[in-house]
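One structure, pasted below without further comment.
In order of appearance the chains are A, B, C, D and E, and numbering begins at 1 in each one.
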Amino acid sequence: MSIWPEERLDHVDTEGFHTVDMTINVGPQHPATHGVFRMLLTVDGELVTACRPYIGYLHRGLEKLSELNDYRQAMGFWDRTDYLAGLLCEQAYCMAVEKLADIEVPERAEYIRVMLSELSRINSHFMFLGAFGADVGSFGTSFTYAWRERERIYDLIEEVSGDRMFPTYCRPGGVTMDLPENFEKRCREVLGHIYQGIDDLDGLLTGNEIFVERCRALSPLTTERAINLGVTGPVLRSTGLAWDLRKAEPYSVYPHLKFDIPVGLRGDVFDRYMVRLAEMYQSARIVEQCLEQLPGGPFLNPNLPKNLRIDDAEAYVRIEGTKGEYGVYALAKGGNKAYRMKLRSPSFCNLSALSEMVVGHYVADAIIILGSLDIVLGEVDK
Amino acid sequence: MTAENVTLPPLAGAIKKALPKVPCAASLTKTDLDLRVAPADLLALVQGLKDHPDLGFDYLRNVTGLDMQENGLELKYHFYSFKHGHTVQVTVATPPGESHLPTLAGLYAAADWHEREAAEMFGFVFDGHPDPRNLLLEEDLRIHPLLKAHPLQPVEIVQGIEDGRAGFEF
Amino acid sequence: MVPLENYLALSGILFSIGFYGVLARRNAVLILMSIELMLNAVSLNFIAFAAYLDPDRIIGAIFAVFVITVAAAEVGLALAIVIRLFRNRATSNVDDAAIMKW
Amino acid sequence: MNGASPLPFGDVFFGWSWLDAIIRIVIVVLLMTVVVVYLTYGERKVVARIQQRLGPNRVGPWGLLQGFADAIKLLIKEDIRPRAADRWVFEFAPFLTFIPVLMVLAALPFARDWGVRNVTLGLLFVNAALGLNIVGIMMAGLGSGNKYALLGGVRAAAQMISYEIPLVISILCVAMVAGTLDLNAIAILQEDRPFLLLQPLAFVIFFTAMLSELHRAPFDIPVAESEIVGGYFVEYSGIRWSMFQLTEYASLWAFSIFGSVVFLGGWEFPMGSDWGWGWQLFLTFVKSLAWIIAVMWVRTTVPRLRIDQLMSFCWKVLLPMSLVQLLMNGFILVYDWPQELLTLTSGIGAAALVGFVLYRTARHPSVAHLVGSYKRAGAAAQ
Amino acid sequence: MGGAIVATEILWWIFAAGIVGAALGVVFSGSVIHSAIFLILSLAGVGAMYLFLMVEFLALVQFLIYGGAVTVLILLALMLTRMGAGEKVNGAQAPVAFMVAVALGAILLSVAVRTAWPGDTGDMPHNIAIEAVSEKLFLDFGAPFVIASVLLLVALIGAIVLARQEDGE
């Protein structure tokens, strides 16, 4: 018989009891969350033992709106998904509609789309670099460095389309208007600044021991796991798999352009950062080639009907978005509206891997891992 | 979607050959090969698609719910194989009122959130799903906004959405 | 000026307050704090004696230095034990630690 | 107080010089307020310059009155206390953090014998006072009833206790060489060369540990904005929050003067004490300004360390290095070796410490692997 | 000097009252955090007492060690274990303990006040020079000094071993 009263021992958990677990809430109003994202971290001291993400604060019913508005009207909603690279989303949407209705796109329009999409990609990656630097804690210097170049790109996009973030520039069948006259000169000027800006940020972040130490070997992801989790884009490429939809399933004029797919070695946070940095050079290369190859001709298919009506057709169009595979599933059943539009958003799928990736790391690292996924809440929540 | 006389790509033959026991009907969409299966055969088909060396569909791209109104709900899966670089779309139709489907979360971790989204937006029930909470909507909300029967807000009716006109009148 | 008796009285009061704390409190950290009070009373006593009674006025200060050293070591160890206890038993009540095994 | 014999410390409280002391304290406190106001302004300007912004430029000429505007705004802001807070702990914490800084200021010589009091044990006094300000921080962390504050408090405690050791040892090295704890005497000893030249290793350690004690980047872990939203003062507002700010900048100022007295020769080097007090004050001002700008510079360019990296840096690098410096000083003093030897060995130590960090920065194979080729490709395309 | 002496005495009584009040706070307050803060106040008061006794060096050491390290360690332990909320702080023997402590205090007081201390010069204490302390400490008390440092080392290692979280635990 034990001499100890039993009830005294029944709160004793002999297995795995550490200090008191604490739940801390990160977001939706938190300096580190990119937009309105919330996660509940259960921490033991400084280590994360569980993570529960909450999304949906920015859910605007994109898919429902696309069913309720006709094909041209609905396009305005789509560049609000990945609002850091609106033109890419427009391109994907227009490609989906064109696929459904079998619309030809003039080559000049394709080049313009690709050029502006790649500029948007650079823009989005600049945003990533700036915000990521702030996540790691560099007090906004990376942010302002990145912002400088972003302003230049936005100015250029504004000169072309009339708007900065949400240009609504593409149309099913082409683009709304032609490029301005001095576009090539301006674009080359901006590109020069972009190269400089990438080098500056490279020096500021990669050239810093603390930054590298924070990111190196942090939360490595294997290729198999990444594929199983549905992670795409730079995060997948950082694991060493050279899979880019621009090469794997070429669309638009990408077959005519020369560029490489940067891949990482270990799939850790540092590789994700480096892959994005390298991708920016590649995007700039693509823009330069587009400037050289830009053909003349119409910028919009002249044979378009005023009111687009599409009979039964179904397509799943995917392009390489800034965050990964940006897929648009479209189903038409007659009439001037889509029967169903579904966005396969890369941020959404990458974010679903978050809770698995942060467990076992420090709270500070959880923020960095979240930053390294580079989510855009407009795209996650649709 | 397409006419019967369209020639199917070699992938269709490969799937038929690899998985002879699973009854499915192949057709083509504008972009991909489409396989239509019954809910009971879904798990067998997907398991086969994933495990068979000639198919190797290791990546779940997308899950799309559809409201086919009187024909019940449909779910479309898109799979991709990194090894072979091919894509297939799998369509499952569920009868009205019984939208039960087996979960794929055990095979593809990516299916977790996709299925949660389809469940809250359309009212699918994924049997065996590890975490069937709402994802985008509030957790205690039991409405399915992407159903065609979901009521619109007055402002949307004012905008002319309900009567099918194409937007504002000026 | 303040006579020696005042210091000794103050030290005595401080010591008995700490003594009460050690006896009455059940939380390990609180007991530790009370012990700190007692130690301080002791070193105050040392210093007071040194200042008033010792012609050198130094030995007492040196003793107080040692007391502070020992107190610092003691606190470090004791808190390590408390944290350990808390981890294994989810309590910091010394009565729950009477089991003499982990 | 014309410096012939410094008063014993006890006289500060119990001697006849009460009135004198009160006048000096009032002057120093007023001076401190002005300095803090302009330090915030200066920090914003310096940071803005580094981040390619303008900084405050609206209130007064060049924005010079911005600090006062902010101070007034903070003073009339509502003081909010959370319901979960422990009332008295919460309300007194800001003042408790502030008192030690005031104590430090009372012992600092601004020019020859120009200070509130010339304390014989000045070096020890400053250390003791600086060790106290953590109590207020812990009180804020515990009393706020907020998890971010609690985490910040835990981090602050762990960090400040750890870094106090190398800080104290580096100051101890100075005391060994100087043979006195009197700050004025230490300054006078540096007539020919500052202690920075004599023992650069101690200087490097002091500077690093000082950044940590001040919660400055890269050691701003307790107040990490992107992780725990400001740490221990997250719940404070209005005047109590401004007390924390006041403490932060006042201790930066105090540390800069203390450091320049201890390592840069204070008001003595390079002009000697024959010059008038005006020049001496100016010299103190210049040296502390250089010190402060160095701190701000580090802050804007360096990301934040993780808590375990912070700890291992302290215990595995700083502490052994400071012990090495202590040993070297001991040998020099005991065997009466020439002081040049100390300069040499300590210089080698400092170079090893700095070179270690630089070497680690320079050895990133994957950076070259990933970006090197693409950089060249980009440059070629350009 | 007369005015200064009176001022000193008044200050002394204020500080003594503060110390005793804070010490009572340590043992009677219901919240562990409040106890810890009272402890800081009380120890700071003892440090001020060292100033009255003209042992500045020790006063500063008291601030540095107790204020900067010991109480911070205690607060840190409170934070890590997060106790204090709703936990019973006093045991059943508190009333008995109170009586014993009162008796002990009475004895100590009477001994302190009623004993004629031999060699009590009645002088105002002089300042103790730090050089003298260090000479005494390092020359005459060399062995205790070394032993104390070994004790500190052992305590350090022991604390690390105790508080470490082993793998799989």
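Operating definition for what follows: contacts are C-beta pairs under 8 Å (C-beta built on N, C-alpha and C of every residue); 3 or more make two chains touch, one makes a residue touch a chain.
As the structure is a prediction and not an experimental result, all values here were calculated from the model.
Counted as hops between touching chains, the shortest connection from chain A to chain D is 1.
Compared on C-beta pairs in contact, A-B and C-E come out with C-E as the pair having more. Comparing per-chain C-alpha centres with the mean over every protein C-alpha atom, the closest match is chain D. We define each chain's centre as the mean of its Cα atoms; on that basis chain B and chain E are separated by 72 Å. Chain A and chain E have CA centres that are 60 Å apart. Taking each chain's centre as the mean of its C-alpha atoms, chain C lies 6 Å from chain E. Touching two or more other chains at once are residues 8, 54, 57, 61, 69, 73, 76, 78, 80-82, 165 of chain E.
Contact of a single residue of chain A with at least two other chains is seen at positions 18-19, 22. None of the residues of chain B touches two or more other chains. For chain C in complex with chain E, the touching residues are 1-21, 23-27, 29-30, 32-34, 36-37, 40, 43-44, 47-48, 51-54, 56-59, 61-62, 64-66, 68-77, 79-84, 86-87, 92-93, 95.
Chain E meets chain C in the complex at residues 5, 8-9, 12, 16, 19-20, 23-24, 26-27, 32, 35-36, 39, 42-43, 46, 49-50, 52-55, 57-58, 61-62, 65-66, 69-70, 73-74, 76-78, 80-81, 83, 87-91, 93-94, 96-98, 100-102, 104-105, 108-109, 111-113, 117-126, 128, 132-133, 136-137, 141, 144, 148, 151-152, 154-156, 158-160, 162-163, 165. Residues of chain B that touch chain A in their complex: 1, 29-32, 34, 58-62, 64-67, 76, 78, 82, 85, 87, 89, 108-110, 112-114, 121, 134-138, 145-146, 150, 152, 156, 161, 164, 166-167. Residues 4, 7-8, 11, 31, 33-34, 37, 40, 51, 54, 56-57, 60-61, 63-64, 67-69, 71-73, 75-76, 78-80, 82, 127, 130 of chain E are the ones that touch chain D when the two sit in their complex. Chain contact summary for the complex, chain A toward chain B: residues 55-56, 59, 61, 63-64, 68-70, 73, 99-100, 224-225, 227-231, 241, 243, 248-249, 307, 312-318, 325, 327, 329, 331, 335-336, 339-340, 342, 344, 348-349, 351-353, 356, 381-382.
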